[in-house]
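Order as written gives the chain letters A, B, C, D, E and F; numbering starts at 1 within each chain.
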Amino acid sequence: MKWNLHRPLGALFGLVVMGSTTAGASETYPIDTGTTAWMLTSTAFVLLMVPGLAMFYGGLVRTKNVLGTMLHSFAAMAIIGVLWVVCGYAMCFGATRGWIGWDNSFFLLSGIDHGPNAYYQIEVNGATKYIPHLVFAMFQGKFAIITPALIAGAFAERVRFRGYCIFIALWSLLVYNPLAHWVWGGGFLTGKAIDFAGGTVIHISAGVAGLVTALYLGKRRGYPLATMTPNNLVMTLMGAGLLWVGWFGFNAGSSVSSGLLTAQALTVTQTAAAAGALTWMVLEALLHKKATSLGLVSGILAGLVVITPAAGDVMPGGAIVLGILASIICYGAINLKSKLGYDDSLDVLGIHGVAGIVGAVGLTFFLRSVPDHGFGLQLWYQIEGVLVSMTYAAIGTLILCVLVEKVFGFRLKKEDEMAGMDHSLHSEHGYGLLNLN
Amino acid sequence: MKWNLHRPLGALFGLVVMGSTTAGASETYPIDTGTTAWMLTSTAFVLLMVPGLAMFYGGLVRTKNVLGTMLHSFAAMAIIGVLWVVCGYAMCFGATRGWIGWDNSFFLLSGIDHGPNAYYQIEVNGATKYIPHLVFAMFQGKFAIITPALIAGAFAERVRFRGYCIFIALWSLLVYNPLAHWVWGGGFLTGKAIDFAGGTVIHISAGVAGLVTALYLGKRRGYPLATMTPNNLVMTLMGAGLLWVGWFGFNAGSSVSSGLLTAQALTVTQTAAAAGALTWMVLEALLHKKATSLGLVSGILAGLVVITPAAGDVMPGGAIVLGILASIICYGAINLKSKLGYDDSLDVLGIHGVAGIVGAVGLTFFLRSVPDHGFGLQLWYQIEGVLVSMTYAAIGTLILCVLVEKVFGFRLKKEDEMAGMDHSLHSEHGYGLLNLN
Amino acid sequence: MKWNLHRPLGALFGLVVMGSTTAGASETYPIDTGTTAWMLTSTAFVLLMVPGLAMFYGGLVRTKNVLGTMLHSFAAMAIIGVLWVVCGYAMCFGATRGWIGWDNSFFLLSGIDHGPNAYYQIEVNGATKYIPHLVFAMFQGKFAIITPALIAGAFAERVRFRGYCIFIALWSLLVYNPLAHWVWGGGFLTGKAIDFAGGTVIHISAGVAGLVTALYLGKRRGYPLATMTPNNLVMTLMGAGLLWVGWFGFNAGSSVSSGLLTAQALTVTQTAAAAGALTWMVLEALLHKKATSLGLVSGILAGLVVITPAAGDVMPGGAIVLGILASIICYGAINLKSKLGYDDSLDVLGIHGVAGIVGAVGLTFFLRSVPDHGFGLQLWYQIEGVLVSMTYAAIGTLILCVLVEKVFGFRLKKEDEMAGMDHSLHSEHGYGLLNLN
Amino acid sequence: MKLVTAIIQPDKLDEVRESLIEAEIYRITVSRCTGRGRAEETDLYRGQEIAPALVSKIRLDIACNDDFVEIAIQAILKAAKHDSGQIGDGKIFVTPLEQCIRIRTEERGNDAI
Amino acid sequence: MKLVTAIIQPDKLDEVRESLIEAEIYRITVSRCTGRGRAEETDLYRGQEIAPALVSKIRLDIACNDDFVEIAIQAILKAAKHDSGQIGDGKIFVTPLEQCIRIRTEERGNDAI
Amino acid sequence: MKLVTAIIQPDKLDEVRESLIEAEIYRITVSRCTGRGRAEETDLYRGQEIAPALVSKIRLDIACNDDFVEIAIQAILKAAKHDSGQIGDGKIFVTPLEQCIRIRTEERGNDAI
């Protein structure tokens, strides 16, 4: 009688009945409750990154676009949230068919909901244990949600909502899922490039996709002549705080364990973020005599991104160096953007793309232990991963941009852009408090 | 020497002394640290829902009532937080005395703080293990806190703070505790209706209580002629994000385990929320050509509520269908409200009540495995649970409304309502930033 | 091949390879995954307190100082985040050298990253288990970050950013690290005073440091004649919510376990916070006929602080009494401040210092079990701990104040203070939304 | 035509607006402001040359034809007072208005008010 | 010198500003306000003496020399209308301006505009 | 009676207020606004017909009797300048004020200022 989970406490310390339909499965596939607990928690933390990102990005745009920008993150949660369950997990982690994977039993996750495939094997203290397969699928699902949401920063303040929704749905299916399959799911890059928690699959691909969309859709009206002041840096700071916390789930959860590797990943995540933040602060202090809050949070992000591919394989000292490098190089890249004049509104390429590349390649120099096949080959694997990811993301994104623009309309109309997305697309206002209400 | 918990690391890897007064208890009642970790985490996540709710509700009212509305959630944390420890847990989970339960040793939780009753038996991989009884008590306590806080949305912007405090204290003692006892604590509904994480006890009872209070207290001055614009939809979105994260603790924690059932609950929670959000978005796009942020978060909530009673017993496919249904039916219910003209300010009935009913009844059609007594009987159990909860909550709430209004004053005075709760009840302003300060 | 962590799922249920370089270490030092999971989670929760504190403090200052104030918390995350890894952990938890500890292998955490020292011994159910040493180091690191950030409330709205950064770096190295070493790391107070999660080391030292800096730096221009209205009480409430959640990690994580003691700590934390909030609410209602939101959150904080040293050693009943006492005494202390006229802007002494003392001394009266050496001696130990902490913090802080002010400049210039920190120090504005942008 | 500008306490906004509507004055523009009135209190700070804290207020602007000016003033006076008048209750200013144009129709003058 | 004050719809701010710039009017002060215009709608509430909800608006203040007044008005009229004029599109008020001083240079009068 | 309206830089608010208090002008209404002054910079954008970004400013309104007008102006000029005057330092406008009423006492005219 599984529905009676909250047993009557009248009969104190009675037996809690199993919630699984496969009686006896628990003996055959012993669950490691500790690892499961951490993976459940990680999944929740990574979800926290979605409102975190909505706040981070939402605070940086102009007041008239705040809701529209936050909705980009929330819509990803809704759309990819459903797609992932329907077919995304199957495409990424099903048995490889070359371009993508597929497994009928992963459709709607029905085959891993119960039965023997519901148990995902791990090793704990040298013994074979299991975690629920679903928790791994959900954890990975959060990554699939956050990646398109990241791209949205590149074309903030100038796209139609319908076009955006269709774009991210297609991008997730046709760009993200194959990439994730290649690197993590058994595809041709699996086992070559080190990408602990998604530097290549997530940040580099998002960065490149951001650049392509920003170039294809063109600049915001007025950019770069009119300065576009952030509407709520206070909220951007809050968002950065939530992102930092969520990233612990992102990186440490990627160990799919609750042990030394997990702690190593958490430690370097914390360390690189702090080093990145400190570096950006010092840079600004040296160059402009004034440290800014936007600089500090940019440094946090740069540090978090750079350590993402490396989190399982470098030591704290290496994390500090990578964090410092990331901030310096991203700082340069963003200044270069101003010179080149393209409008990557919230610097998706400048932070995620660049720090992702620095991390993916740079980690080779700080590996805790160099693989048997040697440093040189590993360096090549890393570069190969970056190049494949960049090329594929660039081409795929460009095709989707053209398609969505031509068929559904992607770029916002001039008057709608001037009036603001909140008014023209959603008929709402973010801050009613500004007016007497 | 239990106070020496942070042992001197000078003596590296010395022995950490036990913090328990019952030496040896650990051998007799082996703790499952993994399940304990997840239950601790869940408790924290559910607590996160309280500020999440404060933000969600707070953003939807007018500027002059923002603090007053947020305080409704925070006051529940203070008042029920104390009451639960004093007697709430005893009333819900003590040995049944019919209407309520009671156990002297649960008074001030003293009997479960240490000694043999401090260990709460669970089954892990077929073996008998324990978690600290206190963590279960605290986890349940968060549910008791959130339920009255939910009701507050129905009579937002028009109640006195003192009356509200007394109302929720009494409602918790006289409505919530008995209901929770009946369904979960060993009362007459225990083991009949499936209510995994509180669809009946929490959402339906809150929804009905919301309707009754809204009707009894009457409309806000000006409703529905004057439109009452939300003061901070941006904050409402943030709140929705925290609620989603917190709900993972709410539902997946209700498994009182860290295993397959937990993962199943988390998966369907995520899935139903995404499906609900997507459906509401599509509905609005079809009907009004514009998706709104308030619509999207309403869909999130509808999806989260509908899956709450069902989280342990349906598969992801069922969760998608339930999420879709919830959004469609809640959307209809809210439109109906506008026609009927009663003032359930933040749609506690329209979302929590309605989606709760859809979930409690609808889950029967998507059960992972139909119970031995058959589909029909289970459907009746579900309907019975809903009816009992609705009836009891309605009558109890009405009596308390009358009592509080007559004895202490519940409805805000006309001038105070016009001036706003923040000014008239708390002498504060939510956003000092609006004025030069 | 440790970099292949996300094994190809094509080969379903293949073996996950260990991420540790010490093959076989897992058998010798069996990790308790449950405890590890909770400690990882606790670390993330305590990190959440940093943005929580930024929001809490940030909401209380004037609009022109909101970013500058939030940056005080974020800068602590950056600066101490790096310092801790480099040498902080070694100074606190290295083998004692009297004033501080030191261990070469803790430098850059390199010696505990892998190898036998990477495992930190705990006892679970009477058996010897391990958690990764790094997770303990990171958990402790969060405490080191939050303490200087707390002090910042005392001199809010009137310090230079550069001076602040140098001050907290030095304070952390010269005041916090030694104190933490004495009480927790093997120094001369270890094993005497009960300080479960840092009442003495964190809250009392921060409170006293706050008083000293506030006195040394002088009042804000206009204080106390001009009232300084909070710019965003709504954000302060959100911050209080995050602090409450984060405090579960703070206190329950300090058990370095996932068992009964952990649950006890979590329970009394929740209980004392609720009791503190309720008491402050009732106090204000009795004395002013109006409960305020700032009062309620002050009560939450007072309750959380008072229980911090006591969390492992008192029962829920005692937690209620301590919470009540804390709110009453802090309320009095803050009123006294207004009379004495010094400008501890956000009441770091009045809340953290005072409630910390109440907790550290008061806990002796509510101990679950009195230690063998008797109540009197323990009371003396407690008082001794408080006095040492107060004296050392006061002297150390004063010296650093003078040093920083003379060498780098600490107090903000008059015109910069009038213009606001955001403009004069960071060239940014917190709320662009206030102006058309 | 005149422009009647009133600075009132925020908690009186709804009452003043209802009072104006009763006097058949519907068109109005409202904004937030902060202010400092009462001299006595500011005196306190003088010795110290400290700017006293600003208090939040609401500003109403009502463009009206000459014969409505007194009606508007009376409607405001009636509703804006706390009890029978407290410090901080506000001020009313009347300034001349030379032209008024309705954007929608491009009408000008008295008809456009 | 005159002060031209326009109350317009928020979504038209950018268009009105560009229209003014085209008319060579660069100097401008802008603020948020809320308002209620159209009488018809407010009538609805009268029986109940309920203050109708306020709608958010933007206020433009332009100090200009007398010969620029009509230019400014036309520039605003051109850009502030939705389609060919909808309810809520706003109002323009013109008030006399006696003096204008540029703080930087302390210039006064027409040159300081 | 006149209404003196000054648009100043936000960071100078406190200094200007203290300067006014020194000049014995206590009563004041303050609000936020944004603006664009200096023509040169906006010229840049003209070719592109782009509205230049608005810069945040503070607006002070001071109703005063005729003999206080110059005193108020001088007090503002003294405190509102950055160094000896920078672009963006602001403007002062003086408009006629026909009537002034203190709501609390219903006094009118010079006494009510």
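Heads up, the rule we're going with is that contacts are C-beta pairs under 8 Å (C-beta built on N, C-alpha and C of every residue); 3 or more make two chains touch, one makes a residue touch a chain.
Not measured: the values here are computed from a predicted model.
Participant: What chains touch chain C and also chain D?
Facilitator: Common contact partners of chain C and chain D, which must touch each of the two, are A, B, E, F.
Participant: Starting at chain A, figure out the least number of steps needed to reach chain D through touching chains.
Facilitator: Contact-graph shortest path, chain A to chain D, evaluates to 1.
Participant: By mean C-alpha coordinates, which chain is most distant from chain D?
Facilitator: Between chain D and every other chain, the largest centroid distance is to A.
Participant: What is the chain whose Cα centre is as far as it gets from that of chain F?
Facilitator: Here the answer is chain B, farthest from chain F.
Participant: Could you give the separation in Å between the centres of chain B and chain C, each centre being the mean of its C-alpha atoms?
Facilitator: The computed centroid separation for chain B versus chain C comes out at 30 Å.
Participant: Would you mind pulling out the distance in Å between where the CA atoms of chain B average out and where those of chain F do?
Facilitator: 52
Participant: From the C-alpha centre of chain D to that of chain F, how far is it in Å?
Facilitator: Spacing between the chain centres: roughly 18 Å.
Participant: Could you check chain B for residues that touch two or more other chains and list them?
Facilitator: Each of 32-35, 37-38, 41, 66, 119, 228-229, 232, 238, 429-431, 434-437 in chain B touches at least two other chains.
Participant: Scan chain E for residues touching two or more other chains and write them down.
Facilitator: Each of 14, 30-34, 45, 50-54, 95-96 in chain E touches at least two other chains.
Participant: How are the chains arranged in terms of who touches whom: line, ring, star, complete or other?
Facilitator: Drawn as a graph, the chains make a fully connected set, so complete.
Participant: Report the residues of chain E in contact with chain A in the complex, numbered from low to high.
Facilitator: Contact set of chain E toward chain A: 10-12, 14-15, 32-34, 53-56.
Participant: Please name which positions on chain D make contact with chain F in the complex.
Facilitator: Listed in rising order, the residues of chain D that touch chain F are 2, 6-8, 31-39, 42-43, 45-46, 49-52, 54, 57, 59, 73, 76-77, 80-81, 85-96.
Participant: Quick check: in the complex, which residue numbers of chain E touch chain C?
Facilitator: Checking each residue of chain E against chain C gives 13, 30-32, 58.
Participant: Within the complex, which stretch of chain A touches chain E?
Facilitator: Where chain A meets chain E, its residues are 64, 415, 418-420, 423-424, 429, 434-437.
Participant: Show me the residue ranges of chain E that touch chain B in the complex, using the header's touch definition.
Facilitator: The contact residues of chain E facing chain B are 44-45, 48, 50-53.
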